[in-house]
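Across the two complexes that follow, subunit A remains constant while its partner is subunit B and subsequently subunit C.
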Partner chain A sequence: MAKIEFQNIHKSFGTTKVIENLNLTLEDGKFNVLVGPSGCGKTTLLRIIAGIGPATSGRILLDGVDISNVPPGQRGVAMVFQSYAIYPMMTVRQNIEFGLKNNRVPKAERERRISEVSQIVGLEPYLGRKPSQLSGGQRQRVALARAMVKEPTVFLMDEPLSNLDAKLRAAMRSELVQLHKQLQTTFVYVTHDQVEAMAMGDCIILMDQGRIMQQSDPETMYRDPDNIFTAQFIGTPPTNILGLESESFKLGFRPEAISLSVNPAPDKAFTHRVSILTREMLGAETLYKLRLRNGQEVMARLTDSSLMVGDELYLQVDEENLYFFDSEGNRVRKTLSQQYGAMLERVTRSHES
Partner chain B sequence: MRAEGKPQEEGYAGPRWVPYLMVAPAMTFLAIFTFYPLANLVYLSFFRYNLISDKVFVGLTNYRNLLFVKKDFLQALENTVVYSFAVVFFTILLAILFALWLEKDSWFNRFIQKSMFTPYLIAMVSTAYIWSWIFDVNSGLLNAALALIDVSPLRWLNDSSLAIWCIVIVSVWKSLGYYLLIVLASLKSIPREIIEAAELDNTPWLRKFVRIILPMISPQIFFLLITITISSFRVFDSVQVMTNGGPGNATDVLVTYVHRYAFQMNMRVGYASAAGSVLLFILMVLTIFYFRFLGRKVHYQ
Partner chain C sequence: MYSKHTGLDLRRGVTSGISFAFKLFMLVLFLFPFYWLIITSFKTYGESIVFPPTLIPRNFTLAAFEQVFSRLNLWNYLKNSIIVTLSVIIIQTLVGVPAAYALARYSFRGKGVMLALVMAAFMVPTQITFITVYIMMSKLRWLNTLLPQIVPFGASAYGIFLLRQAFMQVPADIIEAARLDNASELKIITRIMLPAARSSLMTVSLFSFVGSWNSYFWPLVMSNSEKVRPLTLAIERLKDQDAGINWPVIMAGNMIMVLPVLVIFLLLSNKIISAVGYRGIK
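Here is the complex of A and B:
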């Protein structure tokens, strides 16, 4: 159980500044997911917590205690690496036991913990094997067991599922969530996959270029994005962003918020005439690429698969599904801004012109 | 790990004799300059022969003389073994220690690394002459240094118990930079995450070295063990230049022994061939031994 605080963290590699003045608090007991495109600094943050890639300046606090200068092995954290980093010359048991021996855990206690952990991750039949005799999924479990057996206050995971095939990844995903429920410790999970982040996290921290774009639960992240980056990073296909003629603000709406109809309904906030460019039938849903009359293209995701390429229709979006962003890309919210009304007004009338 | 299935047999589909034709030049070379001399060496060891007179078949007499009658061969063999073990031990030990020290990439470390490599480029004969001077009893650098700290001068190459160690020092000094490079490269090839995982496991320094780093570089160390041992058993030029096997027989090694009997002492080619055959046999046994026994304990990724 531990709360992690980053205070004024700076990190550079040589002359390249990766993170500048970052402040972040990760709540105790939560499944925190650091997500973002590659190079956004998420792994760097994880390594700062672990102590294997210390910050250039700034402090890192664990439960209020400054651990910036504590060696990695004494921070009470455990990490699962993307490459697993299992010791190749040791058996599964030796791998799991190695850290315990270093910390002088008595033999009886070691045995108890190893059998408990190997039972949880299903490694009992493989304890005597060398890593080279294991499959990718089993190696993943060894890495997990090696972290769990230390009973850490913080679990760090660096894209642990990225080397697994799709089926196994989905299975491990729910297993990790279960594990978190069971252990009730703080998890910090790094991924570049927004689906993984949404599926697993209690608290998502979305990063871009060393900055935190939004920190919230998955629901808020999806329904109430703070900026264009968040709106486009979360959800597939990404949120449609439209620029309006002679306006500095931008309009956004999700592909799944669109309705298409032959005749425009009067009560919709945004209406625009479109033609269907492409159609991708995915099963339960169908993706359409639409072209607006001004040449801009948007994606729509509908359950209706009956529309065909070339159809001319009306695209409509309800007011609650419209997002407005200022020229910097930051969200203009209804409750917070007087500009909102003016923006809505312009958009509602835009199709008439 | 390769996907299962039938082995790839694509590629060459021409006449069967073409590949043999293509390796023929290399095989001819090997046959003339390697296989024939080897066979001839063993053949000659059963004769009394001095390059001029007719060969006289003497059976195992040369071997009996070598191993049971004359004492000097066993002395040379013992010297060679002592020399080889010392060179292998100190070279590998120092190569690992220096590699650990130089592992961190910096301007200074790169300079040291290159400086240490330079001796490897100098001809052994030149190296031997330089060190002969350093070890010189009257005008040598080492005795001058000892004089500075008021230690009575040593006789170095003229001291029968010290001379072999002087030659060990020269060999280690000369080749250390090269072997250091190999160890350094293997250290750098260890995945960084494994070392970081060890740090997160709170591994003490020595334990990290013994349990993680050493096993990870063991294939390269194993390779060094074989190559250094074999090259040490073949030591010749440094001994020839610095001591010529002396004082007495104190630094006489197998190759100088063979050389002396074959080309200096009445051209006793048959007898020298027998000594050469023993050397060949030892090297073969060593190689087989290494591959059979040590190979099993080595971790290959």
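Here is the complex of A and C:
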């Protein structure tokens, strides 16, 4: 159980500044997911918590205690690496036991914990094997068992599923969520996959270029993005963003918020005439690429697969599904009628003509 | 179509035949001296000087070996060789492993210079340094001890370099995982790095063993009494006691000399071959 606080964290590699003045609190007992494109600094943050890649300046607090200068092995954290980082020359049992031995855990206690953990992750029949005799999924479990057996206050995971095949990944995903429910400890999980982040996290921290773009639960992250980056990073296809000439704001709406109809409905906030450019039938849903009159393109994700390339239709979006962003890309949270109603009407009309 | 096929087969046959003949030739080229050494040591003096030489001894005799043992206090020389060789291997490991680990895994001030020094030491031939070392050893009054044959070889540039390369192959993640498992640096070296670099360590030890065991010139210069001389110099003494060179006796001496090297090489040859690559776990 632990709350993690980053205070004024700076990190640079040589002359490259990766993180500048970052402040972040990860709540106790939550499944925290750090997500973002590669190079955004998410793994760097994880390594700062672990102590294996200390911050250039700033403090890291674990339950209010400054651990910036505590050696990695004494922080009470355990980490699962992307490469698993299993000790290749030790057996599965020795791998799991290594940390306990180094921490001088008595033998009886070691035995108890090893058998308990290996039962949970299903490694019991393999304790005597060398890692080279295990499959990818089994190695992953060794890495997990090695972390669990230490009974850490914080679990750190650096893209632990990225080396598994799709099927196993989906299975492990729900197993990890279950494990978190069972252990009730703080998890910090790094991934570049927004689907994984949405599926697993209680709390998502979305990063870009060393900055935190938004920190919230998955629901909020999806429905109420703080900026264009969040709106586009979360969800596939990404949120459509329309830059509107002569206006200082940008308009966004999700592909799944679009409805298409032959005749314009009067009650929709945003209506626009479009033609269908491409059609991708995915099974339950169909993706359409649409072209607006002014040449801009948007994606629509509909359950209706009956529309064909070349069809001319009306694109419509409800008022509550429209997002407005200022010129910096930050969300402007004001309802249409308060601020932008008139503007939008003008936009809609100008595009129809 | 048919003829084309056989033509190809014929060409393949010829190519592999040539390749086999070449390999056989190389094998004979390397093995024949050993064969010559072995059979000569079992010949009588008379047979060793007949022309044309015999390829199989007509009178198989151990007389040459008996002479070696009777003419020399072999045990003393053997003891010196063993002490020197083992000490060199042990000290080289104790010095080389931490040095290689530091050069492979830490970043510190002057690391580049230090590595360059190691490489430079690697390239300087001993012939250049032996006079200064001799003077040093003489001033230390070590010439009557085995130390001049041990201390200057306490660090091997080649060993440090090879071990550093092996340590660099160990993924950084594994070392970080060990740090998170609260392992001390010494434990990381002994439990993670050395097992991973086992083959390289064996290779380095084997080369120091051979180098030390076969060393001739250095102990000749650095010793002034028979008490501290190694086996290599003893074999030399077999030569100059008679008017003519007694080849079977010299070959018998050389057999005794080379046998441990051959045995160890045969035992470790797998390890040496695999020293080239480290098989990591992904």
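Keep in mind that, in the parts below, the second predicted complex is superposed on the first by the 334 of 353 C-alpha atoms of A that agree within 3 Å, B and C clash if a C-alpha of one lies under 4 Å from a C-alpha of the other, contacts with A are read in each partner's own complex, and residues count from 1 in each chain.
The working rule: a contact is a pair of C-beta atoms (placed from the backbone, for glycine too) under 8 Å apart; a residue touches a chain by one contact, two chains touch by 3 or more.
Predicted model only: the values in this text are computed from it and were never measured.
Bringing the complexes onto one copy of subunit A puts subunit B in a clash with subunit C.
Of the two partner chains, both subunit B and subunit C are touched by A:N102. By the document's definition of touching, neither partner reaches A:G64: not subunit B, not subunit C.
In the superposed model, A:G14 lies in contact with neither subunit B nor subunit C. By the touch criterion stated above, A:M79 is placed in contact with subunit B and with subunit C alike. Looking at the shared chain after the overlay, A:R139 reaches subunit C, while subunit B stays out of its contact range. When both complexes are aligned on chain A by C-alpha atoms, subunit A residues 50-52, 71-74, 77-79, 81-83, 85-90, 98-99, 102-103, 146, 150 touch subunit B in the first and subunit C in the second. Against subunit B, in their complex, subunit A makes its touches with residues 50-52, 71-74, 77-79, 81-83, 85-90, 98-99, 102-103, 146, 150. For subunit A in complex with subunit C, the touching residues are 50-52, 71-74, 77-79, 81-90, 98-99, 102-103, 131-132, 139, 146, 150, 163.
The touching residues of subunit C, when paired with subunit A in their complex, are 171, 173-174, 176-184, 187, 191-192, 195-196, 279-282. On subunit B, the positions that touch subunit A within their shared complex are 191, 193-194, 196-204, 207, 211-212, 215-216, 299, 301.
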